[in-house]
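Pasting the structures here.
Look for chain A in each of the two complexes below; its partner is chain B in the first and chain C in the second.
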Partner chain A sequence: MVHRSPMLLFIIVVLVPILLGFLYAVAYSLGLVGVLSEGFSGRAWLAVWGDGRFYTSILYSLVIGAVVLLVSVLIALCIVLGLRSYHRFRWFDLVLYIPMSFPAMVVAFVVFLFFTQSGFWARFAYAAGLIEDISQFPSAVHDPFGAGVILAHVFLATSFFSVLFSGLYQRIRIDEKLAVSQNLGASRFFAIRSVAVPALLQASVSNLVMYFIFVVGSYEIPLLLGNQKNRMITLEAMHRFQHYDLGRISEGYVVALSFAAALLFVVFLLFRSLKRMSV
Partner chain B sequence: MKRVILVLLLGVVAMPILYLGLLAMGRSWFFPEIIPSEVSVSILVERVRSEAGFVSALGTSMSLALGIALFSSFFGFIVSKEFALSTRKRWWLISVYLPYLISPVILAILMSRLFIFFGLSGAYFGVFWGHVLMAFPFSIIYFQSFWAGGIFDQMRTAANLGASSVQVYQDIVIPTAWPFVLACFFQCFLISWFEYGFTYVIGLGKVESLTILTYKYLIEANTNQAAAASLFLIAPPLMFLWLNKFVLFTEKNQ
Partner chain C sequence: MKNNYPFFWILLISFAGFFSSCKEKEISPASDPFEGLVWEQVEQETRSSTVHMMMWQGDPLINAYMKDYVAPTLLDRYGITLQVSSGQGKDIVNHALSEIEAGQKKGAIDMVWINGETFFQLKQIQALKGKFTKLLPNSKYIDWDNPFIKYDFQQEIDGMECPWGNVQLSFIYDQNRTPTPPASFEALEDFIRQNPGKVTIPSEFTGMTILKSWLIALAGQGTLDGAFDEEKYKKYSAVLWTKLRELKPFLWKEGQSVPNNLAQVHQLFSAGELVLTYSNNDAEVENKVKQGIFPASARSFVPDPGTIQNSHYLSILQNAPNYKAALVVINFLISPEAQLEKAKADVWGDGTVLKTSLLPEEMRSKFDALANREYALNRASIQSKAFAELAPEYMIRLYEDYRTQFLEQ
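Let's look at the complex of A and B:
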């Protein structure tokens, strides 16, 4: 046991506090503890699970996550496969890395600066004579479709996937695979579509899932750019958690617990399928 | 066509930095002007100096990030070895992925009562611990690829040839692990440096990091100050990137 003592550090510093936190949150959500506790009650769980806004916020978060993933993976594939000739330059890889130097808060701020009705692009459009009044500029901030949220995430995610695919390209020898398929008579486009793209996507399945989870659980970007009507799951949890009606704190716990449980399930499934793939 | 895309790409990457720079160093920027009428570095310096909170937020963020990076990369390295050797590795890894993957804000909500109970809510150490909850598991996951790289075989071989355990660590493990530890240090630094959700919920605004300050400026519609804070937020990662390029270049030349 002495030999295993470093493990204890992880258990004491990370695992036990998190488990205690979870247990407390469960107890609080069931009305067992807390200042306003009135004994066991499933009120908070029923209130959240019976509330349409809870489901729309989950659905909204999932849709935003899916759109971000789709758009950024497409752009990243174009950058890595289409601009192949530039990858021999080190500065090109450096450029791909730069967006990841931005914290989510700053990315949200930048999108805000560029895409509001008094932002850079509105000024540009006005100067170029494309619009006669700022109100004509389509704002991507606080819009119901989450365009600003998606833009900000795509900026970050494209960088991440470009760097990832660029590394994989060399590691799983896409060049050779493409050459073989072209020797066998495939056109370049066909070889990219049927060989390179599936190979890259398959090799990055776990990263795709992780990034999807990251987007779905993001906070700063929807906080600054999101719409009040359509809230992402993190904002929905925070909204209930910080509600002036203290009785609704437990609802915040329910939203957070539901999200965490769903996440644990996804991670578990991912590990199980990865294990099967490796067997 | 390729060149057009390349220019577009460079523009998308460079424009935010330039624009933030102009905002932070500029004054009197009214619609519909595209560039502010007055731009100078002294304006930025003045902005940083005039706000008492700015320098202290910078100090708070820096000390948090350095402390987290040191703690997580050092202990993460030690603990990750036990993970790699464990027979129940899969279960351990699931337990380590959860705090790292769960949204910081959700994790903070779930743990907020515990932090209040320990008197750590609104305290520097509370925020420090919160960041450790994310950076420490990350570092354990990160080092798994190091331990999977055949290092145990090398260690066994050296031991069989008569090396003492001190020699094994001094001459084999530490030199091989060094680049991994350094990269992990930078990553953990950035996890803490970029963190907002946990700091906000647990710090209660009393622990004012640079991200908290940036948000405060944003809701005050103080865009120039927010841009100045943003510049400071992106400076360390850009510096790491530049350093990394420098290291890669020298390695290649050797």
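Let's look at the complex of A and C:
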């Protein structure tokens, strides 16, 4: 039996505001509301959908999200599966948790200080005689590949996934599954690769998707470390929201709505293919 | 049969909420809120009240001036509590826009620190209270004849914003690392080629002021004065973008990226990654060296034929809940004593908007006795190289074209 009161509360407190916001965004993008609105117009939609930068920004954001997810999940799996014997110690989870406690802006700032061409590592390389001028140091900040953005996000994401996988490791009894596999003749590496890893990934699918969405929609890290030419979608939207030309605000709503729709579509495809794989 | 009632209720509540929030645009009240105000009564009525001000808080010295001098003096002398919140330009406009669109009759902010394109945008959305400067007793000392004060980005201020300070764009270099800075915008091109990867132009307000100054240098002083001219903009900006594209391989990050805030440029300059940084405030190098942020060998210069000089202003928002007290605060901020304090190099170093010849003898001599700048150029020496600000549309176009015509090429 479905309890109606919690459902009603959820509808009123969560769903209704989201839907209202969505309707307002659609209305603003079509020129129906806004102090400078002049009535119904598809101008903003045509301007954004006809702008190649919009598609580049979406693709760039999705690629950054995918790379962050891939790298951090890989590292987290190595940490959790490689240090299996430490799971029984409570301090293990605490140590894994520490990086996650740093605010994103602080992590971005630290990456800036350490990895820019005049940063800590550049000075170290120069002092060690590895480079003759600081301009020879490969900068991971403001670069076109988003290396600094990826680095900052991986630092935070690895911590998150390590804590997640560590908890799942205990809850779904990976140790026992590995023992069974090895008893049946599987090598340790084969057991980890074919039993532990799929089990952990399958149990954390929704978290993986959620974190992917979080990275793709992040703002502070790309704001401080990102490139001005290739911008993540949040910066692309804010550029239009905060443009000196107030007429571009409606374009900001178009970017946000279009991106949300694109993301929902990607998530839908992802869950559908994962559901098929598990059948 | 499935129970679709929850979905039905979601839609019903949402549409009801949405359509009830769609309003006709509010038309500004026809009456003048400042008409009939008597200054002594205003000062009396506003005692024990609070004024909320939104201003840029990116400089610790300016923040200290407001927090340690202005706020306590206002409380002590006028019984007004000043609450300052952070926000500049776009933040102020977005804030005002949101409140107007929400139909908020009494807003959260009384007065704002603005200039140029922000003034233009706030007027566009009718977010300013009205013409008030004539009410202020201390406005009699303002140098209203000075074109750099009377006009804000070529716009008549028309009493809707009160001048607060005056600054000129300057370039900053380290004389130990750069013994010979570029003497002109023309020489800047060779300088960039000779210092690959060490120069950049940020994509924010100061960067746009640099681009505008360069545009004026290319067009000739006075050519771009007056209202925005599309043909002139296209003609001279084409030259500017061509030059910048040719210089791209020699710029920081090979011109593939630029900093989006000035603090980052300052940081890269201090760290030695850049050889030039900039400031809209010609005295900034003075206080940055004294704060230990820039090396003691940092100096400022203004490339030939000149750079933009402009003023910054204070205004009152249309839905200010305590606009009368805001008048008292603004009157204090333009008082000779507050302007003198602000002009001190170790306090802020901001140029005064007052005509010192109109001041009482005692005050005039205090302004004359202000210590000379040690690291920054004296204002008198760069006044002949001061360009008037351009119409706000130039900045709006440059901001977008810097990306499309330079960064993305």
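Methods note: the second predicted complex is superposed on the first by the 241 of 279 C-alpha atoms of A that agree within 3 Å, B and C clash if a C-alpha of one lies under 4 Å from a C-alpha of the other, contacts with A are read in each partner's own complex, and residues count from 1 in each chain.
Convention: contacts are C-beta pairs under 8 Å (C-beta built on N, C-alpha and C of every residue); 3 or more make two chains touch, one makes a residue touch a chain.
None of these values were measured; they are calculated from a predicted model.
In the superposition on chain A, contact of A:Ile134 is made with both chain B and chain C.
In the superposition on chain A, contact is made by A:Val267 with chain B only, not with chain C.
Contact with both chain B and chain C is seen for A:Phe241 once the two complexes are overlaid on the shared chain. Legend: residue contacts after superposition of the two complexes on their common chain; A:Leu46 is shown touching neither chain B nor chain C.
In the superposition on chain A, A:Asn227 makes contact with chain C only, while chain B stays out of contact range. Of the two partner chains placed by superposition, chain B and chain C are both touched by A:Ser118. Between chain B and chain C, the partner in contact with more residues of chain A is B. Residue contacts after overlaying the shared chain place A:Leu70 against neither chain B nor chain C. Contacts of A:Val14 after superposition on the shared chain: chain B is touched, whereas chain C is not. By the document's definition of touching, both partners, chain B and chain C, reach A:Tyr24.
On chain A, the surface touched by chain B in one complex and the surface touched by chain C in the other have residues 7, 15, 20, 24, 34, 118, 134, 241 in common. Within the complex, the chain C residues that touch chain A are 6, 9-11, 13-15, 17-18, 21-22, 25, 90, 93-94, 97, 100-101, 117, 121, 124-126, 196-198, 203, 253, 256-260, 268, 271-273, 392, 395-396, 399-400, 403, 407-408. Touching chain A in their complex are the following residues of chain B: 2, 5-6, 9-10, 12-13, 15-17, 19-20, 23, 31-34, 75, 78-79, 81-83, 86, 90, 93-99, 101-107, 109-111, 113-114, 129, 132-133, 136-137, 140, 193-194, 196-197, 211, 214-215, 218, 223, 226-227, 230, 233-234, 237-238, 241, 245, 248-249.
Per the touch definition, chain A reaches chain B in the complex via residues 4, 6-7, 9-10, 13-15, 17-18, 20-22, 24-25, 28, 34, 78-79, 82-83, 85-86, 90, 94-95, 97-107, 109-110, 112-114, 118, 120, 123-124, 126-127, 134, 155, 210, 213-214, 217-220, 224, 234, 237-238, 241, 252-253, 256-257, 259-260, 263-264, 267-268, 271, 275.
Within the complex, the chain A residues that touch chain C are 7-8, 11-12, 15-16, 19-20, 23-24, 27, 32-36, 53, 116-119, 134-135, 139, 142-144, 223, 227-229, 241-246, 249.
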